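Structures follow.
Shared chain: chain A. Partners: chain B in the first complex, chain C in the second.
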Partner chain A sequence: MNVLKVPARTIAVFVLPCLLLYIGLVFVPIVVSVYDSLLDWDSINKAKFIGLDNFKTILFEDTNFWPSVRRTLMYAVFSMAEIPICLFIAALMNRYVRKANTLVSIYFVPVILSVVIIGQLWKTIYNPTEMGGMLNGILTSLGLESWTHSWLTEPKFAMYCLYFVSLWQYFGYHLLIQYTGVQNIPNEIYEAAKIDGAEGFKSDWYITYPMAVPIFKISIVLAFIGSLQAFDLVWVMTGGGPAHATDTISTHMYNMSFLSLKYGYGSALATILVFICLLFTVVINFVFKKVEAKYT
Partner chain B sequence: MASKTMKTSAIALSAAALLLGATACGTKENNTADNTNAGTNAGNKGDKEVTITFQNIYPDPETPSYKMLHALVDQYQKDHPNIKIELDSLNTDQQKLKLKTQAASKEVPDITIVNPSAQMKPFVDAGLFAPLNDMIDQNGLKDTFQKGLLDYYSFDGNVYALPDGNNIEVVYYNKDLFAQAGITAPPATYEEFIEDVKALRAKNITPIAIGEKDSWTGSFLFMNVLLRTNGGPGFLQDVLDGKKKFTDPEFTDAVSKFQDLIQAKAFNEGATSVDYNTGGNLFKTGKAAMMIMGTWETGAIDASSVGGKVGVFKFPTVGGKGDPDQFMLAPGSAFAISANSEHLQETKDFLNYFMLNMPKKQFELKNAVGSGQIIEGDFKAAGYSDLAIDVLELFKGVKGGDLAFDNTMKPAIAQVHLSSIQNMFVQKVDPANVAQEHQAAFDSNK
Partner chain C sequence: MASVKKGLVYLLLSVLVVTQIYPLFWLIMYSLKTNEQILGSSFFSLPTTPQWGNYTDAYKGGHYLKYLGNSVLVTSVTLICVIVLSSMVAYAISRFRWKLGPIVTLVFLLGMMIPMQATLLPLMVIFKNLHILNTRWSLILPYIAFSTPIAVFILSGFMRGIPAEIEESAFMDGASVYRIFRSIILPISVPPIMTVVILTFITIWNEYIMAATFISAEGLKTLPFGIYNFVSQYNANFGAIGAYLVLGALPVMLVYFFLSEKITKGMVAGAVKG
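Let's look at the complex of A and B:
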């Protein structure tokens, strides 16, 4: 602050609009949700205050809650597992591909598409043979008929099919972030390393990866938070079905709040989701602080 | 230099903020001004400028319902220049969600759409809708409705909504595909029905098209089986009254019979990822032999590529039980008026006009099959299809029936039911477990 020689008042003026927006659109609704979660309320009639009963039911009786938590966390794990691969490819591209920007843009295309379009697209790919699904068509033409499945409706496979679409869509996004990060590593360091005898993969290992840690962290946090909120893709492709087999925390929340008309219960789920988000953000930050301290 | 630019922008920003504040104040003042105007105008009776918000579920310009809505609204605005009707046209799911949100903040539009019985009850309990008893007595509107239909929209002797239709569940079948499978006559029993399903499968024809991603479709069909195994209507009502339980044999029978149908591969593969429209299109493009659905589909089937090849039959008896003349009844979505409407009288007058003229307009637009109101007119002469005439013939023989599950039970129970039925499409279940699941949901959401 002192470096810029800007009076605190000016700073306050600049921060204020965003702060107000943030408080109004994020903070207040969270507080309201937390309050609603203590109610037995259908969102239409009078609410009844029931304390922590909703949470008790969710944690100990709701047969659909823990499986949907597991799916949500798996979603997050898969999304995060993709990022090291993105970093690896980004490093390769930086070294071997001249004018990699075009390539990155191509990878980025699915990110621009609306999730509804992507969902519909992949639905036709996953469709059962009877409805001309492309994946099954390819398997059949390869003589692998016994491998064909009705991908989105068999509880065993449905969720993995969804994970895959999400990985496919966000691959370009994380690749772009990692590539930008890798590009920002000063060339002099590589040159110095070359003199010391580190080239190719060796320089990746000792220079690129350690120096990409802060950017890596950004991707991890984005991927994690993004997948905790996974809703749109699931809703478009399976609607959480068949029979809750692909429900995530947020689709379960939607079901409860708007379809079952248990608004208080839905709010309790939302509160738990916020809590999980906060908890894991703290954990991730803690882990990366250690990693960063080690490498930078 | 940097600090100077910053200062300038800071000033610009605060100026902008001030402006925003000013406009906010401005609108407020305008509002009050409007109110006073309205107040003074109210003195000059009849000329009051009134805007009525009309939330509806007819957003698709291709459909007859859309044309009917716009024709009537335009006419009314022409006859009453001081009245402006603002249409808020949404598709069904969006409208349901929007109304719930509006209800939460007590801002229900002047006219909105609700579903009968249990589905509209929470809104009525919250006092959001105006009773329409006085309004339906005007111009003889009440007598245009089929007998007993308004009961589904009445609570404690007050009518709260007026339906846009009244349909029954029937089996539509593609005559060409039936002939290909060597089926000569529509099945009269469930057992024959399953044989026919197998015959169709043997010819590689999808027997029944369904869009089970929208899980009410499977439930609607399942309820028809239950209507038979129960030997007549009223099973759910009996459960509500404490006379029966979901674990009773009528219900478990229905589950196992319905499972027989699924296990005979009666439905399109991967049905649970197929939405309602896509499911319907399987039938309407001749890819499936049957569709078991409400009669509201009649017009759309006539207009599709299989139009003219489609016949209709009643859902058969199951295990010798039930009466084919009893149907799953689907009293339509209905128009309700907000109790807090600022222009209650004008809104009532408009809806009265709308409901009185709707049947005639629907008839002209060939959309009158499944009308909830009595229609005078020769359907055949007006050019209605054979299918439509057959369906109308079925209507004449209706001897009562049941409402859909979600029209009878609370939403929380209905959701458990819907996903329980959806589950049957993807794996074999033990009927006793399904019954248990229902009973548990019922007990915990009484």
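Let's look at the complex of A and C:
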């Protein structure tokens, strides 16, 4: 008996409470969202069915849409670019530091803090000099006064400042994942490689990195999906400003739905967001299947 | 040569400790300074006399205990419901033979890829119609719903590995499925349940955007939303803002201080199995 054969009623008791709640609060809203995206609906006028007009406007007329897609993808690229570095550092730690767990748990501290706290903290760090910002303080004390900026209110810099905070916050998370992965590579393999003359960086290159592909993939997927949904940090730090310079797909959607109160339009953006998330999850899994087939 | 390399690695790792921790240390210093010191003196100066008054301001002006209490209440109700509901589903998925099992599994898996923000607007309309907008339920219910997929996934993965013999003999002795679940499966599953608790705790405790969208009553706000509120209200009292941020970070930092190993392990387990 590996599985129990139980009456349907018992199964219902076990499954239905959770399933109904879950479907009602996750799936139904998505379906509603897709339907709403076909409406011309705002806070004043009654909803009117307009087919795909919202999507047409978003794709061809909304001057803010494509830039926010670009920023969202850049967000993802930056977040993923951090992971090879984390793997590299994890491999170094595994080789040179005997008890690295404490170190990893120190790096991990920013991960457990609320984005609201992280965002406010970095807002004060990025503050202009006259408001006591730390970054400008450091630059001034290095004699680089000409480099000081009002980081978050200058459109040129604001988005990069946000990318950096995100990298800073999740560095410990990805390092932890990579370090755990590297630690789990059996020692015998390194010993066998030593006999064959591979040590140090050579053994990293031929053993650690290839064997870390599955765990590397996990970090990449997490970073990618996380960035596509990038919202809280941007919202807390800039709200998408100055002049939309830091809008991502989700902040654009939130702005449209809850501040401009264009419900139909906001729902269309939400639908696009869901679609992009599902699409990229499939693509990433496909890519890694190829990579894994090559290395294992 | 080897020691030079080792030295470089240690240097790199120490620099990273500074970049990861110094901003937090700076925040604590900041929270103990007067406005003049914050604006006037250089960034690395220590507060001349610690301004504990900033903390009194923050504590008095910011409904700190109220928000903290709300966070504790919402998070604990969510945690209890997530554990009960998702372990039941996980058991049904991993042990019962039923036609719809694989489909239900797939439905829960799909949920992990759905961006929460996309549901905000429809949820708000739904909650308004159910007259639970701006109540604790408008937070607890979606928190449970969005926490269950990963929980079901982690728990069912574990339960599949529990040897069937234990249940078989209990079944022979006449124990009902409910009894087996409660007295055998749940106690064995404590380790993965701890993982679920940690993952859910960190996510829900820090959740901001649903709280900011669904809650407007002062008395119902959770800590992250409360922090955001305080900061926008006291935007000229820098020291008090710093103090409030420190107070806001305090509960989760305390938990982390005592349970850091469990938390990091739980987060990895959650990431790997997710």
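Here is the rule we go by: the second predicted complex is superposed on the first by the 267 of 296 C-alpha atoms of A that agree within 3 Å, B and C clash if a C-alpha of one lies under 4 Å from a C-alpha of the other, contacts with A are read in each partner's own complex, and residues count from 1 in each chain.
Operating definition for what follows: contacts are C-beta pairs under 8 Å (C-beta built on N, C-alpha and C of every residue); 3 or more make two chains touch, one makes a residue touch a chain.
These figures come from a predicted structure and were not determined experimentally.
Colleague: For A:D36 in the superposed arrangement: first (chain B), second (chain C), both or neither?
Modeller: A:D36 contacts chain C only, not chain B.
Colleague: Is A:E130 touching anything from chain B or chain C once the two structures are fitted on A? First, second, both or neither.
Modeller: both
Colleague: Thinking of the overlay built on chain A, is A:V115 touched by chain B (first), by chain C (second), by both, or by neither?
Modeller: second
Colleague: On the A-aligned overlay, A:N285 touches which partner chain: chain B = first, chain C = second, or both, or neither?
Modeller: Neither: A:N285 stays clear of chain B and chain C.
Colleague: In the overlaid three-chain picture, which partner chain does A:N45 touch, first (chain B) or second (chain C), both, or neither?
Modeller: Touch partner of A:N45: chain B, not chain C.
Colleague: Given the superposition on chain A, which partner contacts more residues in chain A: chain B or chain C?
Modeller: For chain A, the partner with the higher number of touched residues is C.
Colleague: Return first, second, both or neither, reflecting whether A:A245 touches chain B, chain C, both chains, or no partner chain.
Modeller: A:A245 contacts chain B only, not chain C.
Colleague: Tell me which partner A:T10 touches in the superposition: chain B (first), chain C (second), both or neither.
Modeller: both
Colleague: If you stack the two complexes on chain A, which partner ends up touching A:V97: first (chain B), second (chain C), both, or neither?
Modeller: second
Colleague: Identify the partner contact of A:L259: answer first if only chain B is touched, second if only chain C is, both if each is, neither if none is.
Modeller: first
Colleague: Report, in rising order, the residues of chain A that make contact with chain B in one complex and with chain C in the other.
Modeller: Common to the two interfaces on chain A: residues 4-6, 10, 13-14, 17, 130-131, 258, 263.
Colleague: Looking at the complex, which residues from chain C come into contact with chain A?
Modeller: Of all residues in chain C, those touching chain A are 5-6, 9-10, 12-13, 16-17, 19-21, 23-24, 26-27, 30, 38-40, 42-44, 85-86, 88-89, 91-92, 95-98, 104, 107-108, 111, 113-123, 125-126, 141-142, 144-146, 148-149, 152, 164, 167-168, 171, 177-178, 181, 202, 205-206, 208-209, 213, 223-225, 227-228, 231, 238, 241-242, 245, 248-249, 252-253, 256, 260-261, 263-264, 267-268, 271-272, 274.
Colleague: List the residues on chain A that touch chain B in their complex, please.
Modeller: 4-6, 10, 13-14, 16-17, 42-46, 123, 126-131, 133, 150-155, 237-239, 241-245, 255, 258-263
Colleague: Using the touch definition from the top, list the residues of chain B that touch chain A in their complex.
Modeller: On the chain B side, the touching residues are 2-3, 6-7, 10, 13-14, 17, 97, 100-101, 103-104, 122-123, 125-126, 128, 206, 213, 215, 268-274, 410-412, 414-415, 419-420, 422-423, 425-427.
Colleague: For the complex, which residues does chain A have touching chain C?
Modeller: For this pair, the touching residues of chain A are 1-6, 8, 10-11, 13-15, 17-19, 21-30, 32-33, 36, 89, 92-93, 95-97, 101, 103-117, 120-122, 124-125, 130-132, 134, 137-138, 140-141, 168, 171-173, 176-177, 180, 215, 218-219, 222, 225, 228-229, 231-232, 235-236, 250, 253-254, 257-258, 263, 266-267, 270-271, 273-274, 277-278, 281.
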